[in-house]
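Contents: one structure, followed by commentary.
Going by the order they are written in, the chains are A, B, C and D; count residues from 1 in each one.
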Amino acid sequence: MESVGSIILYFVIAVAIVVFSVLTVTTRKILRSATYLLFTLFATAALYFSLDYEFLGAVQIAVYAGGIVVLFVFSILLTSKPGDKSEKLASKKRVLGLFAALAMLVVSGYALVSRCCMFAGKPAMEALTMHKVGETLMGTGEGEYLLPFEAISVLLLACIIGGVVVARKR
Amino acid sequence: MDITLMYYLIPSLIMFCCGVYGFITRKNMIAILISLELMLNAVDINFVVFNRFLFPGQLEGMFFTLFAIAIAAAETALAIAIIINIFRVAKNIDVRDLTKMKF
Amino acid sequence: MFDNILIYFVVIPLIMLGGLALCKNIKQIRTVAVIGSTALIVLSVVLLMGYLEQRAAGAMAEMLYVDSWTWFTPLNINLAVGVDGISVAMLMLSSIIVFAGTFASWKINPLPKEFFLWLILLSVGVFGFFISIDLFTMFMFYEVALIPMYLLIGVWGSGNKNYSAMKLTLMLMGGSAFLMLGLIGIYYHSAPEGGQLTWNILEISQNGAIDKGWQYFLFPLTFVGFGVLGAMFPFHTWSPDGHASAPTAVSMLHAGVLMKLGGYGCFRVAIYLMPEAANELSWIFLILTGISVVYGAFSACVQTDLKYINAYSSVSHCGLVLFAILMLNTTAMTGAIMQMLSHGLMTALFFALIGMIYGRTHTRDIRLMGGLMKIMPFLAVCYVIAGMASLGLPGLSGFVAEMTIFVGSFQHADMFHRVFTIVACCSIVITAVYILRVVGKLLFGPVQDKHHLELTDATWWERLSAITLIVCVAAIGCFPNFFNELINFTFDGSIFKVLGMN
Amino acid sequence: MDQITSILILALPLCMFLLLGIFGNKMSHKMAGILGTLGMGVTLILAYSTAFTYFFSGNELFVDAAGNRLQHLVFDQTWLAFTQHLVIKLGFLLDPISAMMLVVITTISFMVHLYSLGYMHGETGFQRYYAFLSLFSFSMLGLVVATNIFQMYIFWELVGASSYLLIGFYYTKPSAVSASKKAFIVTRFADLGFLIGILILSFYTETFDFMTMTNAPENVLASTGGAVFMGGSVLTWALVLIFMGGMGKSAMMPLHIWLPDAMEGPTPVSALIHAATMVVAGVFLVARMFPVYLMEVTALEIVTVVGALTALYAAIVACTQVDIKRVLAFSTISQIAFMMVALGVARPDIHEGVGYMASMFHLFTHAMFKALLFLGAGALIHAVHSNDYTAMGGLRKYMPVTHITFLIGCLAIAGIWPFAGFFSKDEILVAAFENNALWGVWMTAVAGLTSFYMFRLYYRIFWWNEPDYEHHGHVPHDAPWTMTLPLIILAAVSVVAGFIPFGELVTWSREAYEIHINWTVAGTSIAVAVAAIALATVMYRKENELPDKLASRFKGLWTAAHHRFYFDELYMFITHKIIFNLISRPIAWFDRHIIDGTMDMFATVTNKVSYAIRGLQSGNVQTYVWVYLLGTLLIAAVAVICLV
């Protein structure tokens, strides 16, 4: 039995996630879409906090909300022309998309519901200290991630170069 | 009332389905990219949640998400670079007009 | 690894490839090609000597020079090598034809360097195929031999070359699809329940574990797979088009060696590993190959393009190879191998000569030529000798091979087989018809085209190429028992024990 | 009899062939001719000494205490071992018939070598000619000394090939090319029968060896166990098929069509190959296998019937031909048929198999006088530059030596005492009468026809009416000595050969046997021959209308005979119309359009299908995702349903 506060918090987060997700894809203005995405990402970060992964939540906010969404906004500003009207969805497309999404929902939902282990309660977890996160990230033993970390850094470097190369003016 | 694993998975699933819907219906490539981010995020949630509920002593799920976020950032940056490039050439980022790769 | 002589059959061509890559002009290319192919001949002679010495010293193993180096452990793939008399003979044949082919493409144009690169790559495949006894390695080399064909025909060919190259490659690839299925099937049934699965032919045959029901399924797959390359009816149509378009040396190598891969594979894999199914199902393939023999010969009678005539004649002769292999007795099989040697040499000779004639007259239509005996006597005499070998004149290789096949096949206890042997015998008459038709039209009679009177006879490299082949043809024809005994030993092995024959 | 000699007999001509064949172009004509002739001369001496030693030395290797001659294996080298029993050996079997054949072949071959020095003088390809002659001599010698049936087959093919090369010697002449082709293919067809016969026989007897087969035929043939195939015993089939090979080489009807055309070759070649030696290979084959044939009388009867029909047919056709070489060719066919009949009617119980002896005797004498006639014809052609007798006539004055020798040849072939032909033909007729009176009468009639057509030829060439030789530029005259010397020698042999005591030398059981001339038969045959000669004299001695009148009187018969009873047309029809047009062409068409069409169809269908479904590759990324997602969901759904 959990505290009422945490239950309420959960529901707030869940409703936020659902509502803002739906709004992200249904709104017809692209800039609004990006804004709703930002809210969704914040809600997700909150979810991570509620699950005691503070570091992850912080990363989520910093990288996703702070970095990626800003990128989106800038690119939207760069690519939209002054007289742009908000796009209108073709009904056929919408039906197809709806069908795919619902099918996804049904199949996965059925799979979820039919699995009993999904109803396990939240077990206790010792506090995840920053120290531990750091050691895990920088260690070379089993279950430690120095190599992927380095790989990611190389990837990011490549991405920066690639981005410059692709986007630069000819 | 217990907030079980299930309670976390359902919003994530809905989020994912929204991403699917958006990906298929939108014409603007940036909107498509946004839908993609939604889907990625939904998957991230799943990783974290499973990690937290099923293997609380380990950190694999969390770190996977961590790396996924990093890769998502890289991917977005590159994708946006491409989109801008396309826009420069085609003056347009409607995905339906970009069918040069067919046949 | 390098203390086994066999590996050098692959190493030398690879070194040649490297050498060719460094070449700057046609002179250097020729030098590399000639040195390499001579080295191959020397190597094969050394191998032959060593092999005979070991046999004479009483080595009774089925294969000699056996060795194996692991390549990929999870699937137990090895680079396993080993030779018996048949492989030795085939290696000799291949090296001779590569040698002759080198001289036949002395003046290849354009891109001589690339031509030789592909040609040598092809020979890597051929040599590798004949030395390996690991099914997977064998298959790999088989493919290595096939692929260069496409480029060789497509780039350096003549006539409708794109179509032909495509057709040849696709049909042979189709064959290898069957083959791969068959080989994988064999692999998964290569050991008794729970044993270590293996690709090694010797081990498979010792295990004797391929279930009879599976044999019925795998035998046709492998036999047809290799049979396509052996130009078995009705999968032979790549042969006329392919040969007609291919440049000289490629035709030589293809008809001379590559088609032998088919026959060799049929024997080494299909029959050797699955004798029971071979025994039961042989009648189907006997009918098909019997048709090949007669049908190819009849088709050759009315062709007007020299290369088509020869291609159909190859269909007929190679049909005889498969025909004899299916008889499942020592004599006929020995005959089949001899026929492979003989056909390889004389077809190579034919294609070399046709190439030389075509290079001068710029036509291959026999209706437009005549009286070449007067104009280019050397080539004409060689052509007559090749023709005589093809129609089975004693003293040349064709006779020995055909007679061994006929006598061997006729020893079969079953009436059906004997009657079919008689049908196959009829081909010797039809062969005479088409060979003499060509010889009469092309070489004898009055000169058809006055422009041909200015043409010249063979150059020294062409003479060398032709004489090498003729000497080999005559050697087999005059001293057949040497080859007979070389080949024959193989058949004392396990294959007939299974069938309780011979 | 040492091995060296026998090996040399075979090796010398072979070496000559290789020498002249490879280095011929570097030699002068004279050098090549002399080398070839010398080589053959040495072979001749060796062969004579071999035969003499065999027949007359009384060595215990060759004759046993009872005076029976023995078969002697000089050497027998394994050449190719098929199985343990079926082994092709190359060897040298010395027995009466092979010794006799050695003499015949080397004699005629040497004469021809010598004669060709003059006849072929200045021809292009002179060296090649001698090379081929040597090749032929080698193959023919190898054939007659064969120790086993497969060795015989090998050399059988080789003589066929050398015959092909020699007939096509004038390779720029289309007629020569097609004649050589015809000869090769027809004999090849016959050889197919021979080969199948060998296969069948060896399948049952498990041996190729002549001595094993012929010395105890009952034993080796027991294994056939009376097996029957399509209404005949397998042994009959085997022997008839082997005989078919003989029919091809010896130009028996209906496989005779190549021989008249083979006259396109140089005349000395016709003398050597197509009159004296190669064409009797069929007779030799049957003689070699005679004890086996005796096991199956049906086969011998077939031999007789084929021989008798051919003899009559060829004799009739010979009466109407214009080309002198063709007349001689048909005469050869007819005479070989005589030998066949003699073998066919020979039985051990009829005068101890006199037919066999007669056949071999006739083979010997015929070789001599037919070679003489051909060489004579060669001299005539050399002088007149035409093959047709219409261009000749009255030549007796211009070419006396040729005239006399030719006349001797004609008398010999007509069977007039004391010329050689009389003795051998008489024995054949005796054997025929003893077997069945029908064959006796039949063959006597053919003998009469023989005399008629030979003298018709003789009179047309040397008498009749003399054309205007001056008009044609030069007057015919006798040939140089290299050509006349062989004529004279052969004529001399033709005169005396009949007195050779052949019965003591060559008999089927190799027991000596005394020839008695049966004067009833001999008298009849001489009477018939003389009558025929008289008729020919009346008709052809002086130019007159009688021949033309008779020809128009029996127009149907004459035309048919002149066209050789349309055999060539029949063959043309079968080969060109049926085999080429009804078999080969449809097969080629079938191959290109049906088989290849099917293969191409696979490609076409693949292509079409790809073309049809390429619309799926729309380039619209959302469609791809949609399809991908649904596919994944489908799989997931299946998994979920199955697993839950």
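One rule holds in what follows: a residue touches a chain if its C-beta (ideal position, glycine included) is under 8 Å from a C-beta of that chain, and two chains touch if they have at least 3 such contacts.
If you're wondering where the values come from, they're calculated on a predicted model, not measured in any experiment.
Participant: Give the fewest steps needed to get from chain B to chain C, where each step moves from one chain to a chain it touches.
Facilitator: The fewest steps needed to get from chain B to chain C is 2.
Participant: Based only on mean CA positions, could you tell me how far chain C sits from chain D in angstrom?
Facilitator: Whole-Å distance between the two chain centres: 37.
Participant: Quick check: how many Å separate the C-alpha centres of chain A and chain C?
Facilitator: 64
Participant: Where the CA atoms of chain B average out and where those of chain D average out, how many Å apart are those spots?
Facilitator: So the centre of chain B lies 93 Å away from the centre of chain D.
Participant: How many angstrom lie between the CA centroids of chain A and chain D, rounded to a whole number?
Facilitator: Whole-Å distance between the two chain centres: 99.
Participant: Where in chain A do residues touch two or more of the other chains?
Facilitator: 93, 96-97, 100, 104, 108
Participant: Show the residues in chain B shared as contacts by 2 or more other chains, in ascending order.
Facilitator: 20, 23-25
Participant: Pull out every residue in chain D that's touching 2 or more other chains.
Facilitator: Residues 622, 626, 629 of chain D each touch two or more of the other chains.
Participant: Identify every two-chain combination in which the chains touch.
Facilitator: All chain pairs meeting the touch criterion are A-B, A-D, B-D, C-D.
Participant: Spell out the part of chain A that touches chain B in their complex, as residue ranges.
Facilitator: Counting only chain A, the residues touching chain B are 1-2, 6-7, 10, 13-14, 17-18, 21-22, 24-25, 30, 33-34, 37, 40-41, 44, 47-48, 51-53, 56, 59-60, 63-64, 67-68, 71-72, 75-76, 78-79, 87, 89, 93-94, 96-98, 100-102, 104-105, 108-109, 112, 117-125, 128, 132-133, 136-137, 143, 145, 148, 152, 155-156, 158-160, 162-164, 166-167, 169.
Participant: Would you pull the chain D residues touching chain A in the complex into a rising list?
Facilitator: 622, 626, 629-630, 633, 636-637, 640, 644
Participant: Residues of chain D touching chain B in their complex?
Facilitator: 614, 617-622, 625-626, 629
Participant: Which part of chain B faces chain D closely enough to touch in the complex?
Facilitator: Chain B reaches chain D through residues 20, 23-25, 32, 95-96, 98-103.
Participant: So in the complex, the part of chain C that touches chain D is made up of which residues?
Facilitator: 167, 170-171, 233-238, 241, 295, 298-299, 301-303, 330-331, 371, 373-374, 388, 391-395, 399-400, 403-404, 406-408, 410-411, 418, 421-422, 425-426, 428-429, 432-433, 436-437, 440, 443-446, 480-481, 484-485
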